[in-house]
Amino acid sequence: MFKIRYSIPGASPNVLRASKHVPSGPPKLRFTRYDQNAIETKTITSVAELPEVTPEGPVLWVELDGISDLQLLQNLGERFGLHPLALEDVLNVGQRPKVEPYSDHLFIVAQMILQDEDGAISWEQVSMFLGPGFLITIEEDPSTDTFAPVHERLDGGRGLIRKQRADYLCYALLDTVVDHSFPILESLGDSLESLEEVVLKTPENQQMHQLHECKRLLAMLRRYVWPEREVLNSLLHDESGLIRRDTKVYLRDCYDHTIQIMDLIESYRDVSSSLMEIYLSSVGMRTNEIMRVLTVISSIFIPLTFLAGVWGMNFQAEKDGRVMPWNMPELHHPLGYPMCLVLMAAIAFFQILYFKRKKWM
Amino acid sequence: MFKIRYSIPGASPNVLRASKHVPSGPPKLRFTRYDQNAIETKTITSVAELPEVTPEGPVLWVELDGISDLQLLQNLGERFGLHPLALEDVLNVGQRPKVEPYSDHLFIVAQMILQDEDGAISWEQVSMFLGPGFLITIEEDPSTDTFAPVHERLDGGRGLIRKQRADYLCYALLDTVVDHSFPILESLGDSLESLEEVVLKTPENQQMHQLHECKRLLAMLRRYVWPEREVLNSLLHDESGLIRRDTKVYLRDCYDHTIQIMDLIESYRDVSSSLMEIYLSSVGMRTNEIMRVLTVISSIFIPLTFLAGVWGMNFQAEKDGRVMPWNMPELHHPLGYPMCLVLMAAIAFFQILYFKRKKWM
Amino acid sequence: MFKIRYSIPGASPNVLRASKHVPSGPPKLRFTRYDQNAIETKTITSVAELPEVTPEGPVLWVELDGISDLQLLQNLGERFGLHPLALEDVLNVGQRPKVEPYSDHLFIVAQMILQDEDGAISWEQVSMFLGPGFLITIEEDPSTDTFAPVHERLDGGRGLIRKQRADYLCYALLDTVVDHSFPILESLGDSLESLEEVVLKTPENQQMHQLHECKRLLAMLRRYVWPEREVLNSLLHDESGLIRRDTKVYLRDCYDHTIQIMDLIESYRDVSSSLMEIYLSSVGMRTNEIMRVLTVISSIFIPLTFLAGVWGMNFQAEKDGRVMPWNMPELHHPLGYPMCLVLMAAIAFFQILYFKRKKWM
Amino acid sequence: MFKIRYSIPGASPNVLRASKHVPSGPPKLRFTRYDQNAIETKTITSVAELPEVTPEGPVLWVELDGISDLQLLQNLGERFGLHPLALEDVLNVGQRPKVEPYSDHLFIVAQMILQDEDGAISWEQVSMFLGPGFLITIEEDPSTDTFAPVHERLDGGRGLIRKQRADYLCYALLDTVVDHSFPILESLGDSLESLEEVVLKTPENQQMHQLHECKRLLAMLRRYVWPEREVLNSLLHDESGLIRRDTKVYLRDCYDHTIQIMDLIESYRDVSSSLMEIYLSSVGMRTNEIMRVLTVISSIFIPLTFLAGVWGMNFQAEKDGRVMPWNMPELHHPLGYPMCLVLMAAIAFFQILYFKRKKWM
Amino acid sequence: MFKIRYSIPGASPNVLRASKHVPSGPPKLRFTRYDQNAIETKTITSVAELPEVTPEGPVLWVELDGISDLQLLQNLGERFGLHPLALEDVLNVGQRPKVEPYSDHLFIVAQMILQDEDGAISWEQVSMFLGPGFLITIEEDPSTDTFAPVHERLDGGRGLIRKQRADYLCYALLDTVVDHSFPILESLGDSLESLEEVVLKTPENQQMHQLHECKRLLAMLRRYVWPEREVLNSLLHDESGLIRRDTKVYLRDCYDHTIQIMDLIESYRDVSSSLMEIYLSSVGMRTNEIMRVLTVISSIFIPLTFLAGVWGMNFQAEKDGRVMPWNMPELHHPLGYPMCLVLMAAIAFFQILYFKRKKWM
C-alpha cells in the first residue's frame, strides 16, 4: 500500500545498505555538460569519467538511473562530498519530499507520479544534489525516462534553459515532476464525474470500490504534493546563494502549481466524500422502497389469507345427523361466497387507501 | 466538474500555448483613457493603436475580452513588459485567485461567478495587470460584458472614480467581481430554506440530489472566494506603491465583503450538512415506521392463520366406520367454531395490547 | 434564514441606498449629554439641533433608532465626518461584527440577540461611532429599547459611568450587547437537557426537528459572537488613544464574557451532536427490536402453517373404490392429529430455544 | 448541565450581586501565617482580625470557604485592594480558568473536579489572589476541605514548602487542583475498557447511555483543563515578578501534568468515538443477521405453503356424476402425495443450497 | 488501556514514591566508559562504584535497567545533581516524551514501542540525562535489552560513534527508539491491506474488531511519536551547548524519521476510517440484498397463496339438496383448475416483470 523503507533500528547511519524492493536492472550513469554555446551528453560507466566542475563554467548535470549499485553511489558521494545521511535517503526510497541544506550543496527529494498504459499508478523518487555549477539527479527506476522533454529543450537550445545555470535546470526538473500530477488529476476528475451520475440512480458495491480507489489515490497524491509545496517554499526562501533571484520567479510559478494541485485534491476529496454520502443514502432509500413494497403487499394479503383460512376450516355443521347450527353457518348461506369476496375487497380497498395516504404506494 | 488547464509537463514556460476549451469568438480589444475632465473609449484591433502611458497623466484602461488570439496577447505582453509566466496563467484559465508582484507592475487573477437566465453557474477568469498609470484587464469569455456598470460610472462621471487613479479602478473592478457572489448566495439561501421544509416531512431522493448540487456550488464558491480574500489582503499590505493609501480604505471594505461571503458559505455548509443528517434520519425513521406496520400486521395475523390452517387439516375422525376420537374432536363439537373465533379474537386482542404498550401502534 | 444585504455589484460605494427589509416606522433621534455633575437627554428631529462636541467637555451620546431615513443618516455623516463606506455598512444590516479605525474615530459594528415573549429569536445590528468626546449609536429597529438599563445607570448617577468618558459608555453598551446572549444560552441549555432525557427512550421525528433548531441557533450565535470577540480584542489593543487604559480593564472583562459564551456554544454543539448520534442509534436499535419480534413470530409460525397446509391438502386415499395407500395415510391414522400437534409443538419449542440462546427473545 | 452564572445584562460591573445556586452554609474565614521557623493557623470572623502583611516577612494565606456573605467579600476586597471585576468573577462561579494581572496582584481562577462517594462528579471554583507576601484563596463550597494535604505539609514542615514564598504555596494549590483529575480519568479509563468488551458482543441501549455519559464527562474535563493549561503557561511566562524563577521549575511540572491530562482526554475521546462506531455497526450487523434468518425461513416455507395451498383447493373432479378430468387430477393419482412431498423437498433443498452459497446460512 | 501513573494529589513533589505496576525484578546498573582508543563496560551494584566524569575526558554512559529500587535512584540523583521533579517523572512511567533543560543537564523522556513474539505491543519508557561528558539512561523494564545494537557498535568501534561525544550517543539511542516504530508500522500496513480485500466481499463482525485494534494501535503510536517529534525539534534548536553542531545534522535525520512515521500513521488512519466506511456500507448493501430476496419471494407467493386459500374455502354449493349457485361456482367448472393455474402464473409473471424492471432480481 505505502512504501516503507527503513534501516535496521540501532544500525549505524554511516554505512550504506541496499533497500528492499529496489527495481532491478543495471543502473545507467550519464552526464550532460552545457553552456549557451555548446552541449555534450555522454553515457559513462564509472564516476572517474566525470569531467571537472567549475562554479562559473559550463553546467554539469549528472544523471544516475537506478540505485542497485551501492559502490557507484558511494563513489559519487565521495567525488562530490555528499553526506552519508543523504545517500541513505536516496536508497530508502519513498521518502517524504524535502530540502536539506548541507555545507556546500542542497539535497532535494521529490516524488514523481507515473501512470502506465493500463492506468496503474506508481511513484518514483527523484533525489537531487544542487551544488555550485552542478546538479546530480538520482532516479529510483532505470526503466523510465521521465526527463526526456528537458533533454530535448537542452538539445534544441530553445527557451532560456541553455542561458541559465544549474538552479534553473533544477527548477525545470522540479516543474516536470510537479506537472506530472495534472493529467492524473484530470482523469480522476472524469472518473468522479461519471461515478456521480451512476451513484444516485443505481447504487452498487462496485461503485463503493471505485470511490475507495479514488480516495486512496487522492490520499497518496496529497501525501507527496503537500511536502513538495514546502520544498518549493524553502527553495524560494533559500539563503545559500545556490538559487539565484531570477530563478526564484520561476520557482514561485512552480509553487503556485503545487497550490493548485492541493486545491484540486481537496475539492476532489470533498466530492468523493459527498458521493460516499449519496451512495449510502441511496442504499438506505432503496431499502426503504423495497420495504414499502413488501409491507404493502404483505399487509394487504396476510389478513385476506387469514380470512380464506378461516372459511377453509373444517368445523362440521352436522355430525351423525345432529345439526350444529353454530358451526360455520356462513358456509351454508346462499350468498356466503359473494359476501365473503365483497368483505375481502373492502378490506383491501381501505388498506390501499391508507397506504396511499401514507404515500407508501 | 473543475477546470483543469495546464501546460504539458516538461515544456518550456516561456512559450505561449493555446489552452483547451477556450470560449470561441474573436477577442475584443478596447481602451478607455480618462482623467477628471475628459474620457475617451475606443475599440481597436492592434496593440499598436494604444496611446502612450504616463504615470501621472490620464489613466489608461486596456480591456481584452477573449484569449483565443495568442499573437495579440504576445504583443500586449511585449508592449507593457509582462512576464511570460503571467501570460501563461492568463491562458491557463481556472487559476487560483492570486497577486504576483513583478518589478514594475502587479499581476492579479480573480474569478467571477456568473449565472445565466437558466440559473446555470459558470466562472470567468479576470486577469489584471496594474502598473503606474495603466490597468490591463483580460477576460476569458468575449460574450459577457460584466464591467458595464463600471463603464457607466466612468462615463457618468459620478462618484469618486474619475478623480482617482488606476488603483481605484482596479478596486472598483475587484469589488464588482466579489459582489457578484451575493445574489448567487441569496438564491442559494432560498433554495436551502425551501428544502428544509420538505426534507423533514417527505424525504425523497430528489432532495438528496439538490442538496448535493448546493454543496458543490458552495465548495466551488469557497474554492475561489477564499484565495480572493488573500488577494485583497495582500493588496491591503502592498508595499510596491502602486496602491495608494486612500484606495486601501476601499479595498478594506471589499476585503470585508469576502469575509462576509466566506461566513455565509460556512453557514450554508453547516445548514446543508445538517439537512443531510435530517434527510438520513428521516429515511431511517420512515423505514422504522414501515417496519412497525408490517410487524404489527404480520404478528397478529400469522398466528391466527396458523390456527385456521390447523383446523383446516383433513385428519379423519372416521375411517371405514372406525371412529378415531383423537383426530380433531374439536371440529365436531357443537360450539367448536365460536370457541375458535373467540380464541382468535383473544390472541389478537392481547397482541394489540402488547404493541400498544410498546408504542408500535 | 440569514440576513444578506448587499449593494448592487458594480455600484459606487459613495452613494447611500436603502437596504431591503428594513424595519418600518419613523426613526427616533435623541442625544444625551452628561458629565459627573449634570445630565441632559433630549429627543430631536434634525441633526442641526445637536449640541457642540468638545473632546474634554461633557460626553455626547447620539442615538439614532431606525435606519429608514437616508437623508438623516447623510446629515449625521456630514456633521461628524463619517466615511460613506461606514454609512453603507450601517444600512446593509446583518454585517459581521467588526472595528474599523478611521482617521479620527472608530467604527464598531455589533449584533445584539433579542428574544420576544414567544421565544422567537431576532438580531439587531448596533453600529457605533466612537470619537473624541462623543459616541453615536445607530440601531436597526426603532421599536426596541435595548439600552434602557444604561440610561437608568446614567440617570441614577450610580457606579462609575458618569465619571467616565465616551469610551466607558461604549464599553457599557458593548457589554450589554454581549451579555444578552447569556439568558438565551441558559434556556437553550434547559431545552437540550430535557431533550436528552426523551431521546434515549422514545426517539421521534419531532425531537430531530428541535435538535435542528438548537443547532441552527447555536450556529447563528457562533457566527456573531466569534467576531465580537475579535472586536473586543482589537479594542483592547487599540492604539488610537480613543480607548483609555482604565477602560481596557473593563473591556478585558467583556472579552472574557465572549470567550465564556463561545465556550458554552462549543459545549452545546458537542451535546447536540451527541444527541443526534443517540437519536440515530436509538432509531436503529428500535428497528432492530421490531425486526426481532417480526422474525421470531414469523419464523415460528411460518413452518407450522406450512405443515398445517400440507395436512390440509386433498390428496385422495380412495378413488372410485380404489385405495391409494401412499396418499396421506397419516390422515387416517388414529393418532394422526395428536402426533401432528406434538410435532408442531416440538418444532416451536426448539425454535424458541434457539431464539432464546441468540437473545432475540 | 453546565453552570451559567452571569450578571443582568446592562447592570453596573462595580456592584456585587449574589450568584444563583450558591452552596448554602455560612462561609468560613481563616488565615495561616508561616515562615521557615513558625506557623500559625487561626479561624476568624471578620477581615479586621487579619494580621499585617509585609512582602518580605512571613507568608500570609487567607482562606475563605463559601461565597454567600457579600459584605465579607467586599471587606476583603477593600483590605487587599482587589478589583470589583475580579470579585464579580469570584461570585459568578463556573468561570473559565484564567489569570488576570492587576497592578499589584495576580487574579487566578481554577476549577477543581470533585467526586463524592457515589461517583457523582461536581466542580468547585477556586479563586486566588497572589500578591507580595500573601495569597488569598476563595472556594465556592464551604463543605469541602480540599486543601487538607497542603495544610498537613505546612504543619509538618516537610519538603520545601515552609522555606518558600507565597508563589510556591500558589503552585502547591494549583498542583493539587490539577492532579485531582488523574483518579477521575483512571476510573473513566476502566469504565471504557469494560464497555469495550461488551459493546462488540451484545450491543444494548444501556451502553449507548453510558458512552454518552463518558463523553460528557470528557467534554467537561476538557472545557476546564484546556484553559488551566493556559493559566499555567502564563504563570510560567509571568513578568510581574510575583512568581520567582525557582517556582517556575515547579510550575513547568504542573503544566506538564495538564498536557498529560489533555492527552488522556483526547485519547479517551477517540476511544469513545470508536466505541460508538462499533456499537452502531454491531447493531447494523445484528439487524442483518436477524433479517437473514427471517429471509431464509420465509423464502423456504412461503413457496411450499403456496403449493400446499394449491393442493388444498376444492376444485371438484366430479359434479353430479359428470367427470371433469382437468380439475386437479394429481389429487387422484396413486402417488400424488409422495410426489408432492418429493417436489417440496427438492424446492427446499435447492433453496438451502442457494442460501448456503450466498453465505446466508 | 493507557498507562496512568500519578502522585497523590496534594503530595510534596520532592519525595520519591514507588509507582504502581512497575515491572518486578532487581534493577541492573552498569556503566560504559569509552573514547576513541579504549572502552570499558562494567556491571556494578552501587552508585559509589561509578568512575569520575570529566567534561572533556572519556564519555561515561550509565545504564539503569529497572526502577524498583528507590534508594538507588535517589543516590544516582544526588551523585549527578538530578532534580527531584525529573526523578518523579522517571518513576511515573507513561510520561509524554519531552525535553526539560535543567541548569547543567538535559532531561529527556522517550517511549519505545516493543513487540513480543506473539505480536503483543508494549511500551517502555526510556529516561535520559545528558550532561557534559556523561549520559544516564533509565529503562522501565529490566528484562529487555533494547540497546544491544548500540553496545555492539561501541564495542566494534565501527562508524563514528567512538569518535564522538555523549550527545552523539544520545542521538544513537533516540534513533534506535524512533526506528523501532517502522517494523510495527510495516506489519500494520500488511494487516490493513489484507483486511481491505476481505471487507468489501464478506463483511463480518470479526473485521470490525480487527479494525478497531488497528485504530487503537495507531492512536497510541501517534500519542507517543508526535511529542517525540517535538523532543527532536527542541534538541535541534538546543542552545545549552550540550548538543554540538555536528550531531544536529544527525538529529535532523532522526527528526525526519518521526515526520515520516507521523505521515504513515496519518495515512493508515485514513485507510482504516475508509475501511470502516466500506464495512458499514457493505453491511447496508447486504441487508439490502437480503431484503430484496425476501421481498421478491414474499410478494410473488403471498398473493398466490391467498388465491389458493380462497379456492380452498368450504362454501357449500348445495345444502340439503338446495343448490346455491353463487357459492364458488368456479370450483365446479370443468376448466376451473387449469384457469386458476393460468391466472396464478400470469400474476407471478407480471410481478417478475415488475421486479426485473426495478432491478430487484
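The letters A, B, C, D and E name the chains in turn, as written, and every chain counts its residues from 1.
In this text, contacts are C-beta pairs under 8 Å (C-beta built on N, C-alpha and C of every residue); 3 or more make two chains touch, one makes a residue touch a chain.
Keep in mind that this is a model prediction, so the values were computed, not measured.
Between chain B and chain C the centroid-to-centroid distance comes to 24 Å (mean Cα coordinates, whole Å). The distance from the centre of chain A to the centre of chain D, each centre being the mean of the chain's C-alpha atoms, comes to 39 Å.
Residues of chain B in contact with at least two other chains: 280, 284, 287, 291, 294, 298, 302, 305, 309, 312-314, 328. The touch graph of these protein chains is a ring, one cycle where each chain has exactly two neighbours.
Round the ring, the chains follow in the order B, C, D, E, A when counting starts at chain B and proceeds to chain C. Residues of chain C touching chain D in their complex: 147-150, 153, 158-161, 172, 175-176, 179-180, 182-183, 185-186, 189, 192-193, 200, 249-250, 252-253, 256-257, 259-260, 263-264, 267, 270-271, 274, 277-278, 280-282, 284-285, 287-288, 291-292, 294-295, 298-299, 302-303, 305-306, 309-310, 312-316, 319, 322, 324, 326-328, 359-360. Across the interface of their complex, chain C is touched by residues 1-2, 4, 6-15, 83, 85, 88-89, 95-96, 98, 100, 202-205, 208-209, 212, 215-216, 219, 223, 276, 279-280, 283-284, 286-287, 290-291, 293-294, 297-298, 301-302, 304-305, 308-309, 311-314, 328, 330-338, 340-341, 344 of chain D.
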